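The letters A, B, C and D name the chains in turn, as written, and every chain counts its residues from 1.
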Amino acid sequence: MNTYGKIFRLTTFGESHGIALGGVIDGVPSDIEIDQEEIQNELDRRRPGQSSIVTNRQESDKVEFLSGLFEGKTTGTPIGFIIRNHDHHSSDYDNLKETFRPSHADYTYQTKYGIRDYRGGGRSSARETASRVVGGAIAKQILKEFGISTFAFTSKVGTIGLPTDFSVCDVDPKTIEANIVRCPDEITAERMICEIEAVKKIGDTIGGVITGVIKGLPVGLGEPVFDKLQAMLAAGMMSINAAKGFEYGMGFNGCSNKGSEMIDHFTTRDGQIGTVTNNSGGIQGGISNGEDIVFRVAFKPVATLLMETEGITLDGRLQKLKVKGRHDPCVLPRAVPIVEAMAAMTILDSLLLGRATGKIL
Amino acid sequence: MNTYGKIFRLTTFGESHGIALGGVIDGVPSDIEIDQEEIQNELDRRRPGQSSIVTNRQESDKVEFLSGLFEGKTTGTPIGFIIRNHDHHSSDYDNLKETFRPSHADYTYQTKYGIRDYRGGGRSSARETASRVVGGAIAKQILKEFGISTFAFTSKVGTIGLPTDFSVCDVDPKTIEANIVRCPDEITAERMICEIEAVKKIGDTIGGVITGVIKGLPVGLGEPVFDKLQAMLAAGMMSINAAKGFEYGMGFNGCSNKGSEMIDHFTTRDGQIGTVTNNSGGIQGGISNGEDIVFRVAFKPVATLLMETEGITLDGRLQKLKVKGRHDPCVLPRAVPIVEAMAAMTILDSLLLGRATGKIL
Amino acid sequence: MNTYGKIFRLTTFGESHGIALGGVIDGVPSDIEIDQEEIQNELDRRRPGQSSIVTNRQESDKVEFLSGLFEGKTTGTPIGFIIRNHDHHSSDYDNLKETFRPSHADYTYQTKYGIRDYRGGGRSSARETASRVVGGAIAKQILKEFGISTFAFTSKVGTIGLPTDFSVCDVDPKTIEANIVRCPDEITAERMICEIEAVKKIGDTIGGVITGVIKGLPVGLGEPVFDKLQAMLAAGMMSINAAKGFEYGMGFNGCSNKGSEMIDHFTTRDGQIGTVTNNSGGIQGGISNGEDIVFRVAFKPVATLLMETEGITLDGRLQKLKVKGRHDPCVLPRAVPIVEAMAAMTILDSLLLGRATGKIL
Amino acid sequence: MNTYGKIFRLTTFGESHGIALGGVIDGVPSDIEIDQEEIQNELDRRRPGQSSIVTNRQESDKVEFLSGLFEGKTTGTPIGFIIRNHDHHSSDYDNLKETFRPSHADYTYQTKYGIRDYRGGGRSSARETASRVVGGAIAKQILKEFGISTFAFTSKVGTIGLPTDFSVCDVDPKTIEANIVRCPDEITAERMICEIEAVKKIGDTIGGVITGVIKGLPVGLGEPVFDKLQAMLAAGMMSINAAKGFEYGMGFNGCSNKGSEMIDHFTTRDGQIGTVTNNSGGIQGGISNGEDIVFRVAFKPVATLLMETEGITLDGRLQKLKVKGRHDPCVLPRAVPIVEAMAAMTILDSLLLGRATGKIL
């Protein structure tokens, strides 16, 4: 339940205002060099307080590795790690002890478990995703050995999207990090930042869409029927806090089209079978076909507003509520590395599983 | 890989033109009366040849139960079942032995496994979903004991959608079966049928969207973090052949909104905590909140056209291709019971798992 | 729960007196030739009625394959199969409808599930193991491609055991099939058969021990910590009906020894690292070390006696009971192929899993 | 692979000479008071340096909890914990960098992973079991809420066993802790201690047997077929370092008996169905029958001798070896709490799983 993956498996623990977050990464291929600085870089991309358009909670999010690495390399044994919490203002949440915030997990956790750590959302806080970024950063480094890379970027904030002729597969990952909203198109990025600052000013929040791209996949990843590659990616993405939708290839829009318009005609490239177009988004019958995988994840505007709302008590009394915690006006910029992490872990897991289930002799 | 679920688990087997399809359903709660006729009814809703707008392959799809039921009741032991194939014209596929169809799984299966049953798509055929409908039909009957029901319907075909003021949660399931496209709005249904008949006439295909609704859920289903209820539903839906997208609640559209517009304010109904609106789609923090779960699944237009296309051989030669098999111009009408089946199995699995992981004393 | 294995996975279904037994084998490596006659041979070794010292229930136990094989080869898709029941005298069990037999699963099933198929033991009957033999026979054929073989034999019946100097690893598998008790030592076999015939005559039963040997393993199978190779073998063996103990290498007897007497000294053989002795039984730290794996499984005398015993009713009344069903005076001869099947599936599963988790670059 | 259990799941990490050991416990029932001192007590029972007959490595083994507990109670979210390593003399192991010790996991790890942390056995060290004791201590406290208790004790060291008329089920757990070898019979304990001191003096080691007892189980735990309660217990026990055998009820000895001698006749006690004898060891058909579960685990004499032995290098050269590390002359006294921990986790997992799979309405 708190474990992701079948072979490459991340188990996470930790609450928003507890002593530490952390996790265990199991099924890590052995004898692979790991750059720990690179992992910290990924965590820094997710870190709160990194820019003016994200929460100003101050956490250094330094990861400490406890096992599984020896002389800079993976040993095939589980990698245990922790990230200590520092800047938690738990008293900000005292008024939530007996009141549930609207559109939050307070009520559902309390009902399911009969108890909850109400400080900062406890386990339901997106702070848990820091552990995912660690898992993803390690997965990325292993995937690099296979020539596989993955990147994601903010493609929509509110109603502001990328130009229709923008080519998502040709993005240079450096352009994503060139601005604080993590949108590779400079002009769009500026408009998005303006929009976020505007909603922030009024204590409101805004949603958006993140696009993910996976490049360099061999043909054959993904298990047909229930564990199709798109099903595993969907589960991974929909497990991210605030995610409301997942689509790949032509997605929802492609449904309005005719089959004859959507077929990806075959071609050959450097002696390899490929397709002229990529409406399918890199997967056929649940199995990677060697083209880029392209997908989109919709994120809702988070429900923590810096304006007065109305909570409810366990016994059903409505109660005025003014949240004091520090929160993101828009989760998109910080969700980009999380989407990448989930994609990298999903693909590596498929790759390792595929080694067990594919043609072997 | 061919198993769905953690506690209530369906394992399926069978190829499109093999001897039989079938499966094993494990983790079935014991001592529950099962109406076998009702299961056959569900299979009949998915059956090929049921109307003028679906494939004319003739299969009676009669299910034979081999175990797990005793004197009409579940015994808690696995339910084995088979559905024999009859009307397979395997010779229609002789020309596919060495040629891959575009936008099909032929090439990816062959590369992954080094061998494939090319007749009728083999294991990659949506014929596999008949076994899912059996599993779903049993799940539905068990869910009924808990007051939980699920239904789905065609909400869009090509560009033809339901009226914007259509209330998806108030649908009377009988109206879904009142027409062959399984759309609960009669006028929209007629327009959809016309559209499908038009594309069929020219040998083309068309995509669409199915909306699913789950009613009567208790608060507390779903495991936080990775196995969030929406993640499990997404995986289930995205594992259906031709599915390209999944969203729940306000989904992709809700991302353009502000947080203040999307919050579901609390209220009480019959002494129970509920929400005034349901933008969240019945889930908070991965756990059901007692409101209806509402989701949508996008289906692409299937790639099997009755017009000439171009395949490719293993050694990279393009080859004219005229498909002789019988196929659906639009999969939506037959996908409705499949979406329901996956929803029912996912919810029942969550419910059983929740019995193990929730508050127990 | 009714599934065995992590990658190579067998799911079984079926009751002793139901319509059919069967199963689904998933995770089968693709493109491997399968000899179906060989599978039937293995089933015949487990078949009731095969000799004078086993039950005289007459079942042909013919297996029908429904999927997963194409032109004689595995396709990587699940293999579904069924074995129909024929010679069930269900009326023999009418008196058990409301009475539980001592040392049987009647009472525990009824209490756990609130219902049970009382005919012939229902799901708790060892008849379920026919499906395991099918899975094992396929695993054996795949293992052969890797040079791995497995065999088992009866090494003890009651107090009659093999000579102390008998070399278990040098057994010629043909000598096992040379007699009806499946003991490779002819003189011991004769004594065992006499013993079984003696207990059969008085309507009693007798237990014993089966020794299993796995040869040709590469170094490196087995996952350290919880999924040690010996732990997986133990689980597999202890899941066989009537099994009461498992040991490997020097087992229980080795515990009386000193460490200095038990160390397996290293040597080299054909340039490979090996050990002079094999007290460890082929596994170190949960991982195969390249030596033969040797293990033993203890089987209790089955509780179904052909003499009067005393059952109990659900409301606690003791009741005289005369069993009419047909049963084995000694399960050992028929358990030999079951032990082999569980060993073969366990090893193949470890091998496939090891491909995913071992050194990869 | 480093995770134990299906619902109540312990994932461990950590090497013998790494920074820390630890784990994540998932699937913990919520809202249950946890006594952290009690957990530390259990760890102290496993702690090195606790007496003259165990290793003199000095580790305080203080556990630090990082999550999952709130105001002294479980919250249903994962419990993360770490135990820092202090007294590791890693330089003692420098000579093992390129030499494999006989009857250790050095060679198998190196071959499987292509790399290993050779300091103190790395991951293959029994030091990993400290994390299991934490998981087991929590499981014990939860089981207590259900009236279930578990204890284990040393029943044999070398050839010194308990008196044949010793009643294992009537042991008062306090008598186990009354001596340093953890044998509840005082006179036998003294003889065992003498034996261990004798082998210690000559730098040798000795094996033995631990008996485990589980009391207070309801009828109905355990899943029939592959996940029989005895199979799960066997897997758990055989996953403990140095375990070579598992048996329950009458075990290997019972195999020499006739069925008529082994049947447990029914009786009633306080209106409940029970059995007069308990040859079956508390399980019928894989499901608990309400009687005490009794099992035995055989432990080999550990291979780390304080006398000269002979290792081998990767390229096959034999090499004199004198181990400098500190080790146990007999693992039994410290293995007792580990056996209890594995038993407690296995039973709690079965209990939680049984809530999901048993009769529900």
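One rule holds for everything that comes next: a contact is a pair of C-beta atoms (placed from the backbone, for glycine too) under 8 Å apart; a residue touches a chain by one contact, two chains touch by 3 or more.
On a predicted model such as this, the values are computed, not experimentally measured, just so you know.
Between chain A and chain C, the least number of touching-chain steps is 1. With respect to chain B, maximal separation of chain centres occurs for D (centres as means of Cα atoms).
Compared on C-beta pairs in contact, B-D and A-B come out with A-B as the pair having more. In terms of their C-alpha centroids, the spacing between chain B and chain C amounts to 39 Å. Inter-chain centre distance (chain A to chain B, centres taken as mean C-alpha positions): 26 Å. Averaged C-alpha coordinates put the centre of chain B at 46 Å from the centre of chain D.
Looking at chain B, residues 1-3, 12, 27, 30-31, 76-77, 112-115, 123, 224, 357-359 sit in touch with two or more other chains.
Interface residues of chain A facing chain C in the complex, by the touch rule stated above, are 7, 27, 29-32, 76-77, 145, 224, 352-353, 355-361.
Interface of chain C with chain D (complex): residues 1-4, 12, 100, 102-105, 107-109, 111-115, 123-124, 128, 156, 158-159, 199, 204-209, 219-220, 223-228, 230-239, 241, 243-252, 254-268, 271, 273, 275, 279-281, 284-289, 298-305, 307, 309-312, 316, 318, 353-354, 357-359.
For chain A in complex with chain D, the touching residues are 1-3, 9, 11-15, 18-24, 26-27, 30-31, 64-68, 70, 73-80, 82, 112-117, 122-123.
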